[in-house]
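Structures are listed in the sections that come next.
In what comes next, subunit A is part of two complexes: it sits with subunit B in the first one and with subunit C in the second one.
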Partner chain A sequence: MSGPRPRLAVFKFASCDGCQLSLLDCEDELLALGERLDIVHFLEATSRVSDGPYDIALVEGSITTPDDLTRIQEVRRASKFLVTIGACATAGGIQALRNFADHASFLAAVYASPQYIHSLATSTAIADHVRVDFELRGCPINKTQLLEVIRALLGDRRPTTPSHSVCLDCKRRGTVCIIVAHGAPCLGPVTQSGCGAICPAYDRGCYGCFGPCVQPNLASLSAQQIRNGASIAEAVQGLRLFNVNAPEFRQESDRLANLAADLPAPEPRQRP
Partner chain B sequence: MSEVRHIRVKALSRVEGEGGLDVELLNGAVHDVRLRIFEPPRFFEAFLRGRSIHEVPDIVARICGICPVAYQMSAVHAIEAALGVPTTPFVRLLRRLLYCGEWIESHALHMHLLHAPDFFDCASGIELAQRFPDQLRRGLRIKKHGNELLDVLGGRAIHPINVRIGGFHRAPTREEFAPLIPRFEWGLDAVIEATRWVATFPFPDFEQPYEFIALTHPDEYAMNEGRLASSTGETWPVEKFADVFEERQAPHSTALHAVRRDSGTPYLVGPLARINLNFAQLCGVAQAVARDIGFELPCRNPFKAIIARGLELIHAYDEALTMLRHYTPDVAHVDVAPRSSSGCAATEAPRGLLYHRYEINDAGQIEFATIVPPTSQNQLQIESDLRSWLPRVLNAGDETLSRTCENVVRNHDPCISCSTHFLRVNIQRN
Partner chain C sequence: MSTNAAHETAQFMPHTGLQRLIDVLCVRGYNVVAPKLSQGAVVYEPTTSAATIPFGWIEAQEPGKYRLIEDGEAGYFGYTVGPHSWKQFLFPPRAVVSTSVRTEDGWNVSPPADDGVSYAFLGVRACEIAAIEVQDRVFLQQAYVDPIYAARRERVFIVAVNCTRAASTCFCNSMRTGPRCQRGFDLALTELPDGFVLEAGSDRGREIARQLPLQMIADAQLVTAEQLRQRAVDQQTRSLPVDGLHDLMLRQLQHPRWNEVAERCLSCTNCTQVCPTCFCSSVQEVTDLDAAHVDRVRTWDSCFNFDFSYMNGGVVRNTIRSRYRQWLTHKLGTWFDQFDTCGCVGCGRCITWCPVGIDLTEEVAALRSESTP
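So, the complex of A and B:
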């Protein structure tokens, strides 16, 4: 190859590091990638750090501190193509549960001296703050999809990832539907493909790592779950996990929570 | 007039999560050392409140993408301890197998991509691969097989989906495990060679007066069960953890850090602690390799933690291979009935002891959660290592000084994301 190699940068905000680890988990491709790309900023992997501009910026994590509000703007300005990687960057992550709670009480629950800690009352997606060129869903992301993004950008084409539901992947895998067969709660019908439909293949319901698929029929799924014996509170909790702040999941969990607030408190019951 | 010199490592590299280092030198002597943790706090212990116990293994996995299994293991054991759920022999075995996968993935990553570059002044594993292509390719393959084990048993390597209270959602079939056997046969030979390779690295002469803390078990190299043991010779049941150790908060850190409650002194957890305390339980092959490469105990040189990781890799490959060869599926989990209770557990994460405690209500919801990750236990000890290290590099320029300080930090494979509530390194020379 001639000409300068594309410059790749990886940035972390509030997250668990799992999505950027996916890049190091490309064991068969990593050394080759190192030859095709200049990895100019990837703190988890290299001490060599250089400033922008960057051709590709992979952004992990959500915005939760005043400093990060500024830092994401700097990353955006320095980057040609900004890709969010994972549920934190794309939807705010599990830490967006704080958006539903009293922040001061959260701080006090963990720290004896909360005054030392600087954090925002909300955890929000990168796209709430800057323009995002491509989103990779998942908690964690799928490394094949990550490689697709990198290859596409190296080949100067737009990456493509599927947007159908996990449900369809179960049919393709030949996994027996656990909602139909066992009445188990499963978010597969409303969750975007990408994980490979692993949970139902391990005899458990999908818990929505990849966030809402295109046009999810959430109200219908909630009704089905409740008919199958779940309490409204359980249906709410099921949506309030790793993609709690994804708009469709959030709206449905709020709708159900309001519904539950109008009803008498249910008896505590055990999950099947 | 006093001369002040500040040295600041703005952001540590080749560690998991976000931290920095501040060093302040006053008249050429070390005045202050602070590992700064600016990892944004994520409040896991707060939002666990009110969640069902059945959601806990999935939620706590998200504390750390590098060691999710550790979080799942400490959580399920703590909740099962609260509810009085016995661990069946089959579930116990599968949990050790799962932990082997995580130790392999995490140790191989640290050894080859994060730590080894320090010994050759390389910026990254990719750069080191230009000098040692075969060793790095081998290291990546060693890591890959750990991930493959997690894929089969956990459903996926990062944030496995198969762990539940009482056991696993589904036990893999023999056929699913079978392809791993030849890869683990290759892997066992490969990790022996990798350990011999790292043992030849140039190690500074740097012994530290550590108090080591790890789980210990008479019959096995402790992972999921055992008593807390100290290099002082003391041992305690895990239930005494909060009596023996205490977490404190420092203004420069979003991480809490732990000390011994009685003396206020730091201690060290992790591979070096485990190798020193549990060498007798290490598999025969790993012991033989240790003797062969002249690895002497006690080993209090933190740079040699890379050898300890190698020996643990041998153990993990050896034990996993035995389990894979003799695997017969059985009942994957026992059912649990929630009741108002509390319980705790500690397991050995790749980076060291990980303690969880939960209070549960009658409805099976978490009332209260405490999580003490390995890196917050090591934070004070890391700062203490830096204080001992600095006098020998004071005459160096800022760049060399910063770089070697980073090496001292990296010896301990700090996982900053992990520290739920967590820590930041800057050097200041006054």
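So, the complex of A and C:
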């Protein structure tokens, strides 16, 4: 990217804005970033916006409305590199729980006049609709990884974001395995690195915020969770969170849910 | 009794001598690292006080499970090995191996400064001494010497502890690495109900020992110590016969057992990270926004990672089966060719800390008992 400063835009779809805020959270690097890039469309930061084309588009959020089906095509057409940021954009987010339920009954339960609501029956990843050049995982994304992606695009190289499991990060920071030492449910062995293994360091199982790692062995981990005392329903709930619609998590939670379908429903419990 | 000279000069140190030992080491400038209770396990952390050493605790270990148990007779060192190993101090999980700064005349590359820290490891078990000796072969006795490991290893002071108990996952006896510490220590302790049998294994150890409150040892105390050490032998239920291991590994590359273990293996890297001899790492350039300051950072990595075998054009070991097989055949087979020793010391960490409880002694037994199809 030589010549004039690259133009960066940030777009929001169905999401909570937390991932966009990671860009503003790059406090120490933000001024340097502003010298290397023109941030021309970023509604969380400024109401002054300009039209495309854009060199880098950071896209947050999932596709949940008919309007957004059209808008993402426009963003794609206007952008050279389209980078999706966060679990909503890369997997459909927590709102993809609707994919497992009856959309119309949800609308009727929440809205007095559901006929005015125009939303889709599903929440899906951006890559289900347009070509995506790079997916940055996380709920929320990690700002160090975001900077790495921007640095790589500025340097015309491929970003290096690791694909290994969270376990390796636990070990590097000296965290004792909570599955082994406490029998706690933890998605760390099947979840992609990125957060720095925060939750297990505070005695909480990994929630899978960064989605499935490469070649996750979900069936083996589910079996172990159940041996350690979790119910099948709890194992399903554990997978149906921020990355519920990531293909590997979705397939495993469906498989477990089908297994549990013939069994009596257990009392729901809080995750420890 | 052994005829080893160190054993013949054994003396008795009361329990109160442990704090004195830590004080003497601290005064000598050592950063003392010792067992400590943390996060539901016995881990290794720096300390200046004997009070942080877990007194009255043992643990129960089985494949995929570890639980601490209070035990009034356990003394200071009743537990066995936990999730940490001394590897994390000699071969740190993250280390800057060089720094490059861009100048008008080009790149200015500098090696890392030696941090100068001298560690004293307190509570090193026989299998752990064996593991350090394996890593010595890897990092010091090959064509390339690792400067970070070399500097730390040269200065380290080792206070060994002879195990008086064994976990269900221990198999050092069959690996001939323990439970008795035979060499490689400066001081070695065997814990009795009221103190320790102390032996010196080096000049540095004898020098430190002169400053400790030692007493003449009674024959009865030596007999008790031997009985307690024998208990750690007798309690071992697992074994991994070393004979023929290398050839077995290379003969069974197409065994159907690899498919079965791959069904269970998470490829999560836990076994390799808790292993005190596994040494794989990766190196990455970490730059600032202008790419004017570049740190070359080495971090622990693992042959279980998909990316680890990435070479020009693709990943060589593209299945969990191939990665598990690579790990086990290297650890127990080709390690002999590469380093003239077995890569396993029988500590059992990979069995306990595998989240799904894969037991390498069981895997090897299966490979032995069934023939190639």
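Couple of notes before you dig in:
The definition used in the following text is that the second predicted complex is superposed on the first by the 261 of 272 C-alpha atoms of A that agree within 3 Å, B and C clash if a C-alpha of one lies under 4 Å from a C-alpha of the other, contacts with A are read in each partner's own complex, and residues count from 1 in each chain.
Quick note on the criterion: a contact is a pair of C-beta atoms (placed from the backbone, for glycine too) under 8 Å apart; a residue touches a chain by one contact, two chains touch by 3 or more.
Owing to the predicted nature of the structure, the values given are computational and were not obtained by experimental measurement.
If you put the two complexes together on subunit A, you find that subunit B and subunit C both fit without a clash. Contact with subunit C, but none with subunit B, is seen for A:Ala32 once the two complexes are overlaid on the shared chain.
With both structures placed on the common chain, the touch criterion links A:Cys16 to subunit B but leaves subunit C unconnected. Looking at the shared chain after the overlay, A:Ala261 reaches neither subunit B nor subunit C.
Comparing subunit B with subunit C, the partner in contact with more residues of subunit A is B. Contact with both subunit B and subunit C is seen for A:Asp203 once the two complexes are overlaid on the shared chain. Remark: in the superposition on chain A the angle formed at subunit A by the CA centres of subunit B and subunit C amounts to 110 degrees, rounded in steps of 10. After overlaying the two complexes on the shared chain, residue contacts for A:Ile94 are found with subunit B alone; subunit C is out of touch. This overlay, made by fitting chain A, leaves subunit B and subunit C with a least C-alpha separation of 10 Å. 203 are the residues of subunit A that lie in the contact sets of both subunit B and subunit C, per the superposition on chain A. Remark: subunit A residues 29, 32-33, 36, 147, 151, 154-155, 160, 162-165, 167-168, 171-183, 186, 188-190, 203, 213-217, 219-221, 223-224 touch subunit C in the complex. Those residues of subunit C that touch subunit A in the complex are listed here as 38-41, 43, 64-67, 82-84, 88, 93-94, 263-270, 273-274, 284, 287, 289-291, 299-302, 305-307, 319-320, 352-357.
The part of subunit A that touches subunit B in the complex is made up of residues 12-22, 24-25, 27-28, 30-31, 34, 39, 42-49, 61, 64-65, 67-68, 93-95, 97-98, 101, 105-107, 109-113, 116-117, 119, 139-140, 195, 198-199, 201-204, 207, 209, 234, 237, 241-242, 268, 270-271.
Per the touch definition, subunit B reaches subunit A in the complex via residues 11-18, 38-43, 45-47, 49, 51-52, 54-55, 58-59, 62-66, 68, 109, 113-114, 117, 123-127, 129, 133, 136-137, 140-141, 143-144, 147, 155-159, 161-162, 164, 169-170, 249-251, 254, 256, 337-338, 362-364, 403, 406, 417, 420-421.
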